[in-house]
Amino acid sequence: MEILGLYNYWAYVAVLMIGFYAVIAKSNLIKKLIGLSIFQSAVFLLYITMGKVDGGTAPIIQAGVSDQIFSNPLPQVLILTAIVVGVSTLALGLAIVVRIKESYGTIEEDQIHLLDHKS
Amino acid sequence: MTSGMQIIAALLVPLIGAIGIALVGRKSPNLREAVTFITAIALLVIVWTMLPGLFAGERPEITLTELLPGLSIKFQVEPLGMMFAALASLLWIVNSIYSLGYMRGNKEQHQTRFYVLFAVALSAVMGIAFAGNLLTLFIFYEILTLSTYPLVAHKGDGKTVASARVYMGILLATSIGLFLPAIIWTYMATGTLDFVPGGILEGHVAGPAVGLLLVLFVFGVGKAALMPVHRWLPAAMVAPTPVSALLHAVAVVKAGVFTITKIIIYIFGVDFLAVEPSTDWLLYAAIFTVIAASIVALRQTNLKRLLAYSTIAQLSYIIMAAALLTPMAEIGASLHIVAHAFGKITLFFAAGCIYVASKKTEIAQLAGIGRRMPWTMAAFTIGALSMIGVPPTAGFVSKWYILGGAFQADSYIVIATLVLSTVLNAAYFLPILYIAWFRNDETTPANNHGEAPKAMVIAVTITAALTLLFMAFNQPVLDLESQLVGITR
Amino acid sequence: MSIYQHLPALQVVVPMLIAPLVVLMRGRGLAWAMATATSMMAFIIAVSLTNIVLETGAVSYAMGSWQAPYGIELRVTAFSALLLLIVTAASTITLLFGKQSIDSQLEEHRQPMFYAAWLLVLAGLVGIVVAGDAFNIFVFMEVSSLASYILIAAGPNRKAMPSVFKYLIMGTIGATFYLIGVGLIYMMTGTLNLADMEVRLQEVQDIKPIIVAAGFITVGLALKAAVFPLHVWLPNSYTYAPHMVTAFFAACATKVSLFVLLRFEFLVFHQNLVEHVGHFSTFLIPLAVIGILLASGVALFESHLKRLLAYSSIAQVGYILLGASMATASGLTAGIIHMFNHALAKGALFFAIACLATQVSSLRLENLGGVARKMPWTMAAFVIGGLSLVGIPGTAGFISKWLLISAVLEKGTLGIFLVVAVLVSSLMAAVYFWRIVEVAYFGDAPKQSAELHEAPKWMLLGTWFVALANIYYGLNPSLPLLLSNQAAASLLGQLP
Amino acid sequence: MVTLFAVFLLTLLVLTAIAVVQTKNLFVAVMLMGIFSLLMATVFFILDAADVALTEAAVGAGISTMLFLATLALTGEHEKPSKKGPWISGLVVAITSLILIDATFEQPYLGDPMAPVQQHVAPWYLEMTPELMDFPNVVTAVLASFRGYDTLGEVFVVLTACIGVLFILSAGPGAPNPKSPRIPTAPSVGLRHHLIPRVVGKLLIPFIVLFGLYVQFHGEYSPGGGFQAGAIIAAGMILYALLEGEKQALKVLPQSVLIGMVVGGAMLYGMVGVVGMLMGGNFLDYSVLSSNPVSGQQIGILIIEIGVGLAVCGALLAIFHAFAARRSVG
Amino acid sequence: MTTVIDILSWVLLLAGSIFVFIGGIGTLRFPTFYTRLHAASLTDGIGTILILGGLVLQAGWTLAAFKLLAILVFLLLTGPTAAYALANAADMSGMKPEENEVSEVEK
Amino acid sequence: MFYVVSIAIMLTMALALVRAFLGPSVYDRVLSVNVFGTKTTLLLAVIAFLYGRPDFLDLALAYAMINFIGILAVLKFFQVRSNQQQKNQLPGDDLNDNRD
C-alpha cells in the first residue's frame, strides 16, 4: 500500500508525458491541441492528488457531523481556475486551426511549412 | 561668456549651423553656403578667443550630466585639445571655401547633406578636442565616425558604398571591440576616466597588463591608422576631395593621433609608460608603420592613394614621437599634428583642383600640368616639401623637434627611421613634381584646361601660405605646448 | 483610505475592467480613444506608484483585505515599478501614435475587439508584474498570453495564423511547466505567496522536488521569454503581427517573463537551495552567450526587416540573461536596465518600421532601396534606434552595454571570454543594422518609389518621441539606473 | 480500498491517453478524449474534489468535445502520418519524465495528513470559513472570496477567449458577412428529421437549465457555483441549438445578448470589487458591503457567482455559435 | 424492517451489477456493431434501474432519493434515445447489419 | 456491498474502454463512449454512498446530462458531415472505413 501512495504521481507523469509527446511530435494541429489538453489535465491530477487527505472527504462541511477530516480545498480552487484557462486556450487554438484550414487547405504542420516556403 | 559656456557654444554652433543649412539648403545654394561660412567664422571666433586664457594657464571645464556614478559627460580645455580645436576651426573655413568651388565645379549631388554633415563632424571634433574624460571623448569619437560615413559614401554608387563600408566597419569594429573594453577596463581599475596630468593608471595596473591595455587603446583608436588597422584610410579615398581633406587634415586622422597622444599623456602618464617595459612595443609598431607605409606609397600610381599612404606614415610619425616620451618629442608630436595638417590639406586640395579641372587622378597623367595650373602645382610642391621636411616649410619644424626628442632619448633607431623615411618621402614625392613640372604634356587639345575654379585656387593658396608661414610663426604653438611638457615633467 | 493606497489594485483593475466595455464600442475611433485613454491612465498610475516606491519602499496590497498568505497579495517593488513603467509607456505610446498603422491593417468592424484584447494584454502584463502570489502570476500570464494571441492573429498575412498557433502551443507549454513547478513548490511548502515561500522553503528537508520545480519554472518562463533555444515561436509571431503590436510586444512582452524568472530565481530559490547560484549561472551563461551569438548571426542573413529585428530581440534577451546570470549586483543592474533600454531601442525601431510600412508594400530588404531619400525623418529615427541597439555612446543602449561589460569583467578570465562574446555580437548588430542603413540610404530606388511619401505626421511624432527618449536616457539615465540598482539590491536581499 | 479504485482508474486513464495519441482518426481521438475526461472526473471525485469533478465533466466531456466536433466538421478528421522522426521528441519526453519520476520519491505519499500542503494555509480556510462566511462549501469560499482575485482573472481569461474566438473567426474566407450577419447554411437546420431525440431533448432542456440554476445558487452549500452552472446552462442551450438549428437558437439568445452577458458578467464581478473599494475596504473586500461582515461576504459571493455564471455561459455559447456559423470552405 | 430493506437493496444492487457486467461483456464480445448496440442498451436499462433502485432503498426518504430518481428518469429517457440516434446514424451512413457482418467476417 | 457494485461497474468501464480502443467502426466507439458515460454516472452515484455523502448526487445528474448532450452533438456531427459530403460529392464515406 505504501508504494501505491506514489502511484498517482507516476500516473500524472505518464499522462503528462503522453500529452507532451503528442504536442511536440505530432504534425496535425488538432492532434497537438488534443495533446495539449491531456498535458494540462495531468497537471490537474498533480494538484488534486496533493490535496487528498487519508480518510478525508470533500471540503464541504456537513451540518451536524463533527470530527470530519477534510481534504485541502486550495488545490481544488486552483484547478477550477486552471480548467477554465485550459478550455479557453483550447477554444482559441481551435479557432486558429479553422482559419489555418481555410487559408492553407490543410492542418498538417509540415505541409503548411512547405506551402509557406513555396510562396 | 564664461569659458565653460564657450565650450558648449563651440559644440553647439556647428550643430545650429547644420540645422540652419538643412533648413535653407533646398531653397538657395548661395544662402546655404553663406550659413556655412557664418557658422565657420563664428566657431573660429569662439575657439580662438579662448586662446588667451589658455596661455594664461586657465583650464576651463564644465560638466554636463552624470551618466553613471563617477562617470559624466565633461569638458575641459587643455593645451593639446586647444591646439586641435583651433586648427580644425581654422581649416574648416579654408575647407569651406574650397568645397564651394569643388562641389559646384564638380556638380555634385546632395550638396546640402554634404554641408550639414560637415558641420556635424566639426561639432564632433570640438567634442573630441575639449573632452574632459575618456567617455566623453569616446562618445564624440563615435559621432565623428558616424557623421563622416555618409560623406565618404557621398557618391552613392556600389563601389563607393562598399569602400565606405570598409571605412565604417574598421572604425566601428576597432572602437567597439578594443577601445571600449579598454575604457571600461581603465574605469574598473581606477574608478575614473578623467584626463589627469600625469596619468591615472599608475598604481592601478602593472606588468604586462599595461602593455595589453596600451594595445587595446592604440589599435582601438582606429582613426590613428597604425598598421594593421590602417585599411580604412585608402578605402576612404572614394570620398570627394574636400572630405578627404577633412579626413586627413582637419578631423578624423587627427582625432586619432590626438586621442592617442592624449591617452599617453593623461591616462598612462609619460613617466609611468617610461618605466613600464611592456609598452615599448608602441615605438616599434610606429616605426614599422612609418617605413612600411612609405614603401607602399612608393608603389602607388593613383595620386590620392599615394597621399593616403603618406598620411599613414605621417601619423605614425606623431605616434612614434609621442612614444619617445621625452619633452621635445611630445612638443614635436603636437607640432607635427599642425604641420602635417597644413601640408596634407594643401596636397589634397591640389589633387582636388587637378581632378576638377582635368578629371585626372593618376600620377602618370600629370605630365606638364604645372604649366597649365601653376598656382595649384606650386602649392602642391610646397605641400610635398613640407611632407619631406625641407625648410622653409612646416614639416621641417616638427621634424626638427622630433629629431631633438630622439636625441634626448638616445634612440638611434628613431633617428635612423627619420632619415630613412625622409629619403622615402622624397622618393615618392619628387617624381611627381618632376612629372608635373618638367615632362611634356602628351594629351590632345580636347582635354585642354586651365586652372581650377577660383575658390579652390584661393583655398589651396591659403593653405600653402600657412604651410610656409608656420615655419616662421610657430612660437604660439610652441608656447602652448610647452605648458604640456611642463605638466608632464 | 486614500486612493493612493489602492493604486496597486487600480493598476491592474482599470485596464481590465474597461476592456469589456471597449468591445461594445461601435463608433468610429471610439474604441481606440477609450483604449488609449485607459492606457494613459495606467501609465499615470504607474508613474505615481514609482514615486511612492521611490519614497517609501515596496508597497503591498491585500486583495479582498485577506492578509497573505491566506489572501492574494500585490507587491510593488522598485523592480516592478520599472517594469510597470516600461509596459504602460509602451502600450500608451504605441496606441496613441499608432492609430493610422492599425487602421491600415485591420478592418474597422474588428477593431473594438482588437482594442479590448490590447487592454487585456496590458492588464495581464501589469497583473503579472504586481502579483505577489505564484498562482496569481499564472492566471494573469494566461490573460496576457491569450490576449496576445489575438493581437498577433490580427496580422493581415495568412502566415500570421500558423505563427500564432505555434506561439499558443509553446506559450501554453511554458505556462503549464510553470504551473507544475508552482505545484511542486506548493506541495513542499503549503503556500503560494512568494514571500512566504521564501521563508518556508528553508524548512523543507526533501529538496529534490524543489530542484525539479526550479527547473520547470525556469524552463517554462524561459519559453515565455524566448530564451535561446526556446525562442522558436518569436520570430514569426513578431514578423506577422500588426506592426504596432510588434512594437508593443518587442518593448515589453518577453521582459515581463524575465522579470518573473528573476524574481523566482533570486527571491525564492537562491537563498534556499544550496549552490543554486552556481547551477543557475553555469546553466544560463552558456545559453545566454550562444543565444546572443546565434541569434545575431541569423539576423545577419535575414532580409525581412521585422524578422531581422525579432532575431535581434532574442539576442537582446540573451544580454539581459547574461547580466542576470552573473548573480552580482552589477550584473543584475546591467540586465535590468537593459530591459528598459532595449525597450526604448526596439520600440523606436519597430515604430519606424510601422512608419515605413505605411508606404512600402514589402518590408524585405531588397524592396527598401533608397527609401531614406523619400522618408528621411522615418529613417533618421530608425538610425537612432539602431545606434542605440548597437550601443553607440550617447544612446540608451550604450549605458546597458557599458554596465554589462563592466559587470562581466568582474568575473576574471571567464569574463574576458564573455566580453569578447558581447563585443562580437555588438559588432554583428552593427553589421546587420548597417545593411539596412546602406540599402535605405544608398540602394537603388525600386520602381514604385515615385509614389512614396513621408509617413503620416502623427506616427512620425511617436517615432521621434521614442527615438529621442533613446538619446535622453542615454545622456541622463539616472531614473532607470536608480530603479535597477534598487531592484538588483532587493533581488540579492540587500534591501528589506 | 478507494485508493485501489483510483489506481485502477488511473491505469485506464493512462491507457486512454495512449490510445488518443495513437489513433490516426481525429474523430476517434475526440471520442476517446471524452472518455478520458470522464475518467479524470471520476478520479477527481474519488480524491475528494467534487467541485473539480463537476467542472471537469462539464468542460472536458461536454464543452471541449463540442468544440472539437465543431472544428472537425470544418477541417476533416484524418490525420496524415507525420514525417517527423519521433526520436528527438521521444528523448525529450523520456528525460523529462525521468526527472519528474525521480522527484516523486521525495514527495509526500498520497493522503499523508502530515504533508506540508495540509499544514499551513489550508487548515485556516477550513477553520475560518464557517466563522467568516457561515456556509459549508469551503471551495466556494476560497474561490470567491479568499482568492477572489484569481477568479476575477479567470473570468477575464474566459472573456479573452470569447473575444479571441469571435475576433479570429470574424475574418477569413469562411467568415459570415459582417453586413448581413447570418446566412442560414444547410447544416444549421438542426436535427429536425430525428423525431425521437428531438422530443426527448426538448423535454429535457428546461430541466437542464433548472439544474444549472440549482448549481448556481446552491454553490455555497454543495459542489458547484457560477462556473459549473454557466457551463451546464450553456450545454443546455447548445442542446437546443443542436435540435432546432443555429438560427432558432440565435433567435432565442442573439449573439449581441450573449456578448452582453459576457461583458455584463465580467463587469458585475469587477464592480463588486470597486464598490467594496468605494465603501472603504480593499478591492474585492465584501465584508464592507453590509453592516454585518458575514452577510456582506455572502452577498458579495452571491453576486460575483452570478457574474461568473453569466460570463461563462455567454462566452461558451458565443464561442460555440461562432464555430457553428462558420461556413466550410473548399 | 431496516434489515429487510437492506437485504432487498443488496439484492437489487447485486443483480444490477451482474446485468451491467454482462452488458459490458456483450459490448466487447459481440461480433457486429448492431449486436453490440443491442447488448449495451438493453442491459443499460435494466442495470440502471436495479442499481439506482437499490441505492434509493439505501437512501430512504431524503433529498438524495429524489435525486436518484431524477437520475434514473434521466438515464431511462436518454439511454434509449442515444441508442436510437446512434443506430439511426449508422444506418444512414450506409452501414447495414448484414453488410457489416460480411465485412467483419472478411476481416 | 457498495464495493462489489463499484468493482463490477469499473470492470464494465474497462470492457467498454477496450471496445472503444478496438473500434472497428466509429459508431462502435461512440457506443462505447455512451456506455462509458452511463457507467460513470452509476459509479459516481455508488461512490457517493460509499463515501457517505449522498448529497453529491448532483454530480451524477450532471454527468448524465452532459453524456446525453455529447451523444447528440456527435449525431449532429454525423449529419453535418454527410451533408457536406453530399454537397462536395466526395466519393465514399470517410466515417465508415475501418482503418485505424
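Per-chain residue numbering starts at 1, and chain names A, B, C, D, E and F are given in the order in which the chains are listed.
What we mean here is this: a residue touches a chain if its C-beta (ideal position, glycine included) is under 8 Å from a C-beta of that chain, and two chains touch if they have at least 3 such contacts.
Given the structure is predicted, the values throughout are model-derived calculations rather than measurements.
A.B. asks: Identify the chains in contact with chain B as well as chain D, in label order.
C.D. replies: C
A.B. asks: Determine the set of chains touching chain D that also touch chain E.
C.D. replies: F
A.B. asks: Could you say which chain's mean Cα position falls nearest to the mean Cα position of the entire protein shown?
C.D. replies: Closest to the centre of all protein C-alpha atoms: chain C.
A.B. asks: Considering only mean CA positions as chain centres, point out the chain farthest from chain B.
C.D. replies: E
A.B. asks: Among all chains, whose Cα centre is located farthest from the one for chain C?
C.D. replies: Most distant chain from chain C: E.
A.B. asks: Suppose each chain is reduced to the average of its Cα coordinates; what separation in Å results between chain A and chain F?
C.D. replies: 20
A.B. asks: Just how far, in Å, is the C-alpha centre of chain D from the one of chain A?
C.D. replies: The answer is 12 Å.
A.B. asks: When the centre of a chain is set as the mean of its C-alpha atoms, what distance in Å lies between chain A and chain C?
C.D. replies: About 28 Å, centre to centre.
A.B. asks: Give me the residue numbers in chain A that touch at least two other chains, ranges are fine.
C.D. replies: In chain A, residues 16, 20, 50, 57-58, 60, 62, 74-75, 78, 81, 85, 88-89, 92, 96-97, 99, 103 touch at least two other chains, as defined above.
A.B. asks: Which positions in chain E are in touch with at least two other chains?
C.D. replies: In chain E, the residues touching two or more other chains are 74, 78, 81, 85, 88.
A.B. asks: Specify, in ascending order, the residues of chain C that touch 2 or more different other chains.
C.D. replies: 135, 139, 142, 146, 149-150, 153, 180, 186-187, 192
A.B. asks: Sort the chain contact graph into one of these: line, ring, star, complete or other.
C.D. replies: other
A.B. asks: What is the complete set of touching chain pairs?
C.D. replies: Between chains, contact exists in these pairs: A-C, A-D, A-F, B-C, C-D, D-E, D-F, E-F.
A.B. asks: Flag every residue of chain F that touches chain E in the complex, lowest number first.
C.D. replies: For this pair, the touching residues of chain F are 1-2, 4-5, 8-9, 11-16, 18-19, 24-25, 27-28, 30-32, 34-35, 38-39, 41-42, 45-46, 49, 54-55, 57-58, 60-61, 64-65, 67-68, 71-72, 74-75, 78-79, 82, 93, 95-96, 98.
A.B. asks: Which residues of chain B touch chain C in their complex?
C.D. replies: 64-68, 73, 135, 138-139, 142-143, 146, 150, 153, 156, 161, 165, 168-169, 172-173, 176-177, 180-181, 184-185, 187-188
A.B. asks: Give the list of chain F residues in touch with chain D in this complex.
C.D. replies: Against chain D, the touching part of chain F is residues 3, 6, 10, 13-14, 17, 20-21, 23, 26, 29-30, 32-33, 36-37, 40, 43-44, 47, 50-51, 55-56, 58-59, 61-63, 65-70, 72-77, 79-81, 83-84, 87, 94-95, 99-100.
A.B. asks: In their complex, what parts of chain A are in touch with chain D?
C.D. replies: Contact set of chain A toward chain D: 1-2, 4-11, 13-22, 24-28, 30-31, 34-35, 37-38, 41, 44-45, 48-63, 69-81, 83-92, 94-99, 101-103, 105, 107-108, 110-111.
A.B. asks: In their shared complex, at which residues does chain E touch chain D?
C.D. replies: Residue positions touching the partner: 74, 77-78, 81, 84-85, 88.
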